[in-house]
Each structure stands twice: as structure tokens, then as C-alpha cells.
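Some structures to go through are shown next.
Each of the next two complexes has chain A plus one more chain, namely chain B in the first and chain C in the second.
Moving on to the complex of A and B:
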């Protein structure tokens, strides 16, 4: 394996990892506040990819408006799911297992609703950026460079909101202890709203990037599940963990794939089991205690 | 309108699905642990039983037993490492294991020769021309055996321990229940059921491919348990028969079947989280006795014909 090949694969890995990061922060954000794995997130990403597809092919809008439309569509969908599916459970203080089941239900609903109304055939995005940049002997497609830049900017904006703004402070407070946060005058409904909105918007961006690179189909779950694995790997509930875990997983997956492409999915799930056995809280996650 | 062949197919499918759901009901409904990887156990069972019958020439029942045992061993190993995980992590682990099993069979290329017959495991292409040993009569017998076994288990000390673990693990532990052992028992039983059902499935379809065991299958089984009602055996029977046979009869629903599933789960979780039966059992015993009285009154003591068939009607 020469250096050039290594660097090329590294860039591919970071590209994939950046996309995973956009997806996995959604899982982690929701987990940090509500302590359950929001499996409906995969459906939200998938719908984002479809919004992008129809914006590009039916509305013929350029890349950037389509990209923003994806974010908008997925953000709205995420909020809608929160309002209709989770909020009744939240009011009843249902155990977190009920949330997971509902999330699974929502994910099955979204996937099959798209199959039933649109159809199940995979679709290709129109080619947006065909040319590639040559950089020190490496040939980088414009789309992959764009992917890395877009993911980086979106994640930086997210980190800025979480770390520097007032609502970010509220989110951090609620992720430590929701009840105490509410007693301090934090509107926890608003926090949950913002969390789902941000997760949804990033999911839409990720969906569009995914569609640009691969194909759009309703059964996108294979990929979104891998981004969930990345969130677990980094530590569920931790944003930096999700980002670091995603980048590491993306790079490792690409290198495993360059060794034997059949093993990439198996590697991801084997890693998941290994993480859960050795250190369930992941690289940077908080340690979960059984609240009796 | 419907030929017996078609109806028999639906009934066989309901039977082995019921077996899987019963196993899952022990794990989810009674012990309160969610598995999103049960299709993996079904997959193992299917492959093992097919290898037993096709390569080693073992009889059908024998192959089912071996399939169940292998699946149970795997369940025990998985339980050993994951049962102490808290919160969501157990179901995340089952998700990973289920997918990993499928992917292993997707990539496995093996061939060996026993008594002059070469057997080939060819990854994603799967296995074709499996002998069709699963008939309705056999599956009905198996299901009735396991229904009885489940009912006996749940009314025993172990069953009550499992319920205690579901309600409050910490409190159960404080009252002297070995919660790990209860959870392990539930895990092993449900893996055993799934393995045997996998063998039945393989010998009904006549072919086997790893993509028959996607994660959506696992969630479908979980949905059936929830739909019927957690912690209720008759609820599981009801849930399975309704969700398995009804869409088959209403073929026009087609793609909308799973849309309805998803919606049903969401609505059940909001409106009636305990499912159709709400943790209660249909009074099967009472119905039997009432039926017996009715029949003996009308036909002057002639025994009710076909023990299993009226039972099925009474439950459905």
C-alpha cells in the first residue's frame, strides 16, 4: 500500500465519516436529553434524501437551495414525530423502552409509507459535480470535498450553538439532569423541540449528501444503522463522542473495505458488539446508572 | 375461492411465526428485555437444520432439535456477555448480533463432503431445493407442545421470577431472586424457540437466503408481541394470527401492510401500551369447559371432536 493510495483512502474515509457524523449527532442529541435511541432518525434521514431528489429533479433548483430544503423538510418531520409520537409518552412519563418501540414503529411507518406512496426502486441523483481537483497527486472529486466542507461547517455551527448560546446552555443542563433543569426555569419542552429540530436539519443535510454519493432508496436503514453504531462507539449522548466515533468508524470502514469489501458491514457490527462488551459507554459517553 | 394448499401455507407460516413470537414473548413480554435481533436466531436455526437434513441425512425432528440447541447455545453465550448491560444497551447488542449473524452467512463460502454428497454454503446465493418436510400437521403438533410448555413455564416459579424482573429488577433482586439467572433462562428459551422455528421455516420454503432474515423481520416479531399484549400467551397467539394471516387474506393491502404495522405500534404505545390482551389471558380453560358442557348437553356425552381444532377457534 503506497502513501498516495493510503491518503486517497483516508480522504474517502473522512468523507464517509463526516456523513456519519451528521447522522449520529442526531441520535446522540436525543439520547442525551431523553435517554432513548431514536430509531426513527433513520427514516428522517431517508425522507431528507427524497426531498433532495425531488427538489433537484422535479423543481430543478440548484444545489444550495435543494440542500436547505432537505434540512427544512427533515427538521419539520423530526418535530412532527416528536409532537405526535413521543410527546404523548413523555406526558405519561412512560419508561424508555416504550420510546424505543414507538421509534421503531415510526421508522417502519416512514420506510413503508415511502415504498407505498412513491415506490421502492433505488433512484440516482442527477450528477451535480462531475469534475475533480488534483491535489498533490491525489484526485479528489468536487463532491467529496464539498461533503467534507459542508459536514465540517454544519458540525461547527452545531457545536457553537451548544457551547455558546443560551439555548445550548439549556440543552447541556437538561442533558445533565432534566428535572433539575426544569426546576431552574428551563422550558424542557422547548429544549426537546430545539434538539429534534437541530437533529432533523442535520439529518436532512446528511440525507442529501448520502443521495449525492450513493443512491436514494427507502431501505436506507443499513447506512443509518451504521451511523447509530458510530454514535454508540463514540458514546451515546456525547456530541464530541459522536463526531469522533463517526470519523474513526468511517476511516476504519473504508480501510476494511479496501482490504475486502464484503467484510465492511460485518466489521461495523462486530465493532459494535466489541464496544458493548468492553466499554458500553463508548469513547466519551456518560456512564449510565440504573435509576431505580 | 381459496384452495386448501393456499390456506395450508398461511397456517404453516402462522405456526412457525407463532413459535418465534412465543419465544420472544418470554423474553420481551415476561422479562421485559427487547430484542431487535431475533431474526438472527431464526437464521442460525434455519441453516443448522438444513445442514442436518441435507448434508448429514438426519430426520426432520432431530434436525429441529439440533437447530434449537445450537441457537440456544448462541443465546446463552450472548446472554453471558450482554445481560448485565443497562438500559438501551441490551437491545442495541441484540441488534448488532442479529445483523452480524446474517452478514456472516452472507459471506460464508464453505463446502464439505459427507458420504459422497457435497454440500455447498454459497454466501448470499443461499441454499436451494431443501426437502419440504414441514407440513401443517407437524407444525401444529410442535406449536401445541410449545404452547403448553410456555404456559407451564410461566405458571412456575421461574415464570413468576421473570415477571418480577420485568416489573422492577432492583426490587426483584432485593427479594432474593437471582435476576441474572431468570434473564438467562428467558434468553435461552426464546433462542431455542427461534431456532426450532427457523428449521420449520427452512423446510417449508424449500430455499434459504440470508436476506430473508433482515432486521425488519426482528422488529416485526417484536411488534406481534406488543400488539397481542406483553405478558400474555393468548395475546401472543392472537397477535400473531391477526398480523400473520389477516394481511395474507387481504392481499390487496400489499405495500400498506407494514405502514399499518408501524402506525399500529405508535397508536398502541400511546393509547394502550399493554396491547390487545393487556397482560391478561383469555379464559381458555373456562371456554373448554363451557364447550364441553355444551357438547355433552346436546350430544349426550359424546366427546368433542379433534382436541386442537376447537381450542384454536376458542382462542381466535
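Moving on to the complex of A and C:
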């Protein structure tokens, strides 16, 4: 393996990892506040990919407006799911298991809703950026560079909101103890709303990037489960963990695939099992036994 | 009209009848103590006032009006609870914890002033303002919980066993602080197992036994009550 090939693959890995990061922070944010894995997130990402597809092919808007529309569409969908599905469960103080089952139900519903209303055929995004930049012997696709840049910016904005703003502080407080947060006057419904909105917007962004790189079909929500693996690997509930876990997973996955592409998914899910068996709190997660 | 009036309050947890029709009054500017043994229902009463436990019947009136049911809105009314077991945010710094106490406040100057005040009362907290609160000692965490309560600038502050598990010297500091908070013009509802101290500082006091109020009166009167001395002050009745 020469250096140039290595660097090329590294960039591919970072590109994939950045996309996983946009997805996995959504899992982590929801987990940190509500202690369950929101498997409807895959469906939200998938719908984002479709919004991007139709924005480009039917509305003929350029990349940036389409990208923002994806964020808007998925953000609204995430909130809608919270209001219609999780909010009633929350009011009843239902156990985590109910949330997970409902989340899976919502995910399957979204998949079939798309099949019923659009169809199940895979679609390709139009080529947006065909050029590539050469950089010290490396040839980088403009789309790859753009993906890394928009992922980085989105994640930095998210980290800023969480670390530096008042609502971010409220989110961190409630992630530790919601009851104590309420005693400070924090409106926990607002915190949950913001968490789903932010996770949803980033899911929409990720959906568009996924569509640009791969393909759009109703089942891509399942493929994006790999970002859940990344969140677990990094430590469910920890944002920095989700980001680091995603980048590592993306890079490792690309290198495993370049060795033998059949091992790609096997590797990812073996990693999931390994983490859960050996170190359930992941790289940086909070230590809780009840990882539902 | 009392600042806080509780009338015939009943709280059930499923089949457990934790509060069996209790009534009490808290006058503005006073310290009202409630003593009672483990499981008597003291925390349940505070949590019902704070809105984090639902009550099945009865009334809680604050300045003559029914309190809202949402916990965050109750804080907005100027009622703040310093909960049992402190419930500090172990993942945040000391400063962030204090700042969260002032979450609903908009008066930047007032927040700064109260922060200074808290640091004056508990210099230890200023030394450790950038430390993650989970790594503070138990006593420091209790100071933080009280400081956080002060930061919310409440009119009524409810302290649930603030001296629990603290060394005698620190218990004194905590009770000095309670008197200081009173001197700031606040009203205090204090729940304690340390009956001697709680009754000594109290203008008025209540005894809660198995969900019922069995005695009430000025703190110093209850201190002299032989039955209370026997049950709560660890002295034999003469």
C-alpha cells in the first residue's frame, strides 16, 4: 500500500465518518436525555435523502438550498415523531422498552410510507460536482471536500450550541438529571423539542450527503444503523464520543473494505457486539448498565 | 393571609398513602421547620409543592393563589427547592451549577451580585468554580446545592435535610447560612432530622408522623415538649 493510496483512503474514511457523525449525534442527543435508542432516526435520515432528491430534480435548486431543505424537512419530521409517538409515552412514564419498540415501529412505518407514496425503486442523485482538486499528488473529488467541510461546520455549530449557550447548558443539565433540571425551572419539554430538532436537522443534512455519495431508496434507514454503531462505539449519550466514534468507524470501515469489501458490514457489527460485551460505555460514554 | 397555605393535602404513590390530609401555613419572612422520622412524608410534601409529585386532593395556595402544576412554572413564581441528596449536576462545573440556579432570571446584575454573595458565604465554591461538581466532597456538594438555591433568588426556599451526612462543624455552617438567608429577607421551609437545630432556628414548627401532622407551634415551645424531646432529641422524658 503506497502512501498516496493510504491518504486517499483516509480521506474517504473521514468523509464517511463525517457523515456518520452527523447521524450519530442524533442518536446520542436523544439517548442522553431520554435514555433510549431512537431507531426512528434512520427513517428521518432516509426522508432527508428524499427531500434532497426532489429538491434537486423537481425544484431544480442548487446544492445549498437543497441541503437546507433537507435539514428543515427532517427536523420537522423528528419533532412530529416526538410529539405523536414519544410524548404520549413520556406522559405515561412508560418504560424505555416501549420507546424503543415504538421507534422501530415508526422507522418501519416511514419506510413503507415512502414505498406507498413514492415507490421503492432506488434513485440516483444528479451529479452535482464532477470536478476534482489535486493536492500534492492526491486527487480529491470536490464532493468529498464539500462533504467534509459541511459535516465539520454542522458539528462545530452543534458543539457550540451545546457547550456555550443557555439552552445547551439546560440540555447538559437534563441529560444528567431531568428532575433536578426541572427544579431549576428548566422546561424539559422545550429541551426535548430542541434535542429532536437539532438531531433531525443534522439527520437531514446526512441524508443528502448519503444520497450524493450512494443511492436513495426507502431502506437506507437500515444502512444508517451503522451510525448507531458509531454512537455506541464512541459511548452512547456523549456527543464528543459520537463524533470520535464516527470518524474512527468511518476510517476503519474504509480500510477494511479496501482489504476485502465483503468484510465491511461484518466488521462494523462485530465491533458493535465487541463494544457491548467488553466496554458498554464505549470510548467516552457515561457508565450505565441499562443500555436500551 | 399566609405566604404559603397547604390545606388537607393528600399524596398517594399507588397504594401507599404518603400524606394523609396535612395542612400548614408558612408566614412571609419566617423559618418554618418540619421534623419527622424516615418515611414520614417530609420530602413528599416538598415535592408536591415543587410540582414534581402529583397530589390527589387538597390545595396548595401561594400568596392566596393556586400554584401552577408544571414544576418549571412553580420556580418562576419564586419557589425553589434544595432537594434531599443534593441532586447537583455532577457532569457540570461548580460555576455552571450555580448559573443553572439562576436559569429563569434575566437580571444580569442581580445574578452577578448573588454569585458574589454565594462565594462570600462559601469561599470553597469560588476556589473550585471550574471543578466538575461530581468530584466535590459531600460537604462541598451540599454547599453547592444551597448556593444554587440562593442563585435562583427565590422568595420561598425549601431545604430538604441540608445537614444530612455532614460533619458537626459543617452542620453549624449550614445553619448559620440558613439564618443568613433569612436575614436576606427570604422565607424558609426547612425539613430536618436534626430536630434540635431545626427547632432552635424555627419561628414555627410542625411534627410529621406517618403522613399526619401531630404537633405544631413555635419552635422553642416544641423544644420544651417532653414527648418531642424523647422521640426526636434523644433525651429521656422527665
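Convention: the second predicted complex is superposed on the first by the 287 of 292 C-alpha atoms of A that agree within 3 Å, B and C clash if a C-alpha of one lies under 4 Å from a C-alpha of the other, contacts with A are read in each partner's own complex, and residues count from 1 in each chain.
In the analysis below, contacts are C-beta pairs under 8 Å (C-beta built on N, C-alpha and C of every residue); 3 or more make two chains touch, one makes a residue touch a chain.
On a predicted model such as this, the values are computed, not experimentally measured, just so you know.
With chain A as the common reference, the superposed partners chain B and chain C fit together side by side. By the document's definition of touching, of the two partners only chain B reaches A:36; chain C does not. In the superposed model, A:100 lies in contact with chain B only, and not with chain C. Touch criterion met: A:182 reaches chain C, while chain B stays clear of it. Measuring from the middle, so to speak, at the Cα centre of chain A, the directions to chain B and chain C differ by 90 degrees in steps of 10.
Taking chain A as the reference, the larger set of touched residues comes from B, when chain B and chain C are compared. Shared-chain residue A:72: touches no atom of chain B or chain C.
In the superposed model, A:173 makes contact with chain C only, not with chain B.
In the superposition on chain A, contact of A:221 is made with chain B only, not with chain C.
Of the two partner chains, neither chain B nor chain C is touched by A:118. Taking every C-alpha of chain B against every C-alpha of chain C after the fit on chain A, the minimum distance is 16 Å.
Residues 50-52, 70-72, 75-76, 80-81, 83, 87-92, 96, 99-101, 103-104, 148, 152 of chain C are the ones that touch chain A when the two sit in their complex.
Across the complex, chain C is touched by residues 166, 169-170, 172-173, 175-177, 179-188, 286 of chain A.
Put simply, chain B touches chain A in their complex at residues 32, 34, 36, 81-82, 85-89, 91-93, 95-97, 99-100, 103-104, 106-107, 168-171, 215-216, 219, 222-223, 226, 254-259, 261-266, 269-270, 273.
Per the touch definition, chain A reaches chain B in the complex via residues 31, 35-37, 84-85, 88-89, 94, 96-98, 100-102, 104-113, 115-116, 120, 221, 225, 229, 232, 236, 262-263, 265-266, 269-270, 272-273, 276-277, 280, 288-290, 292.
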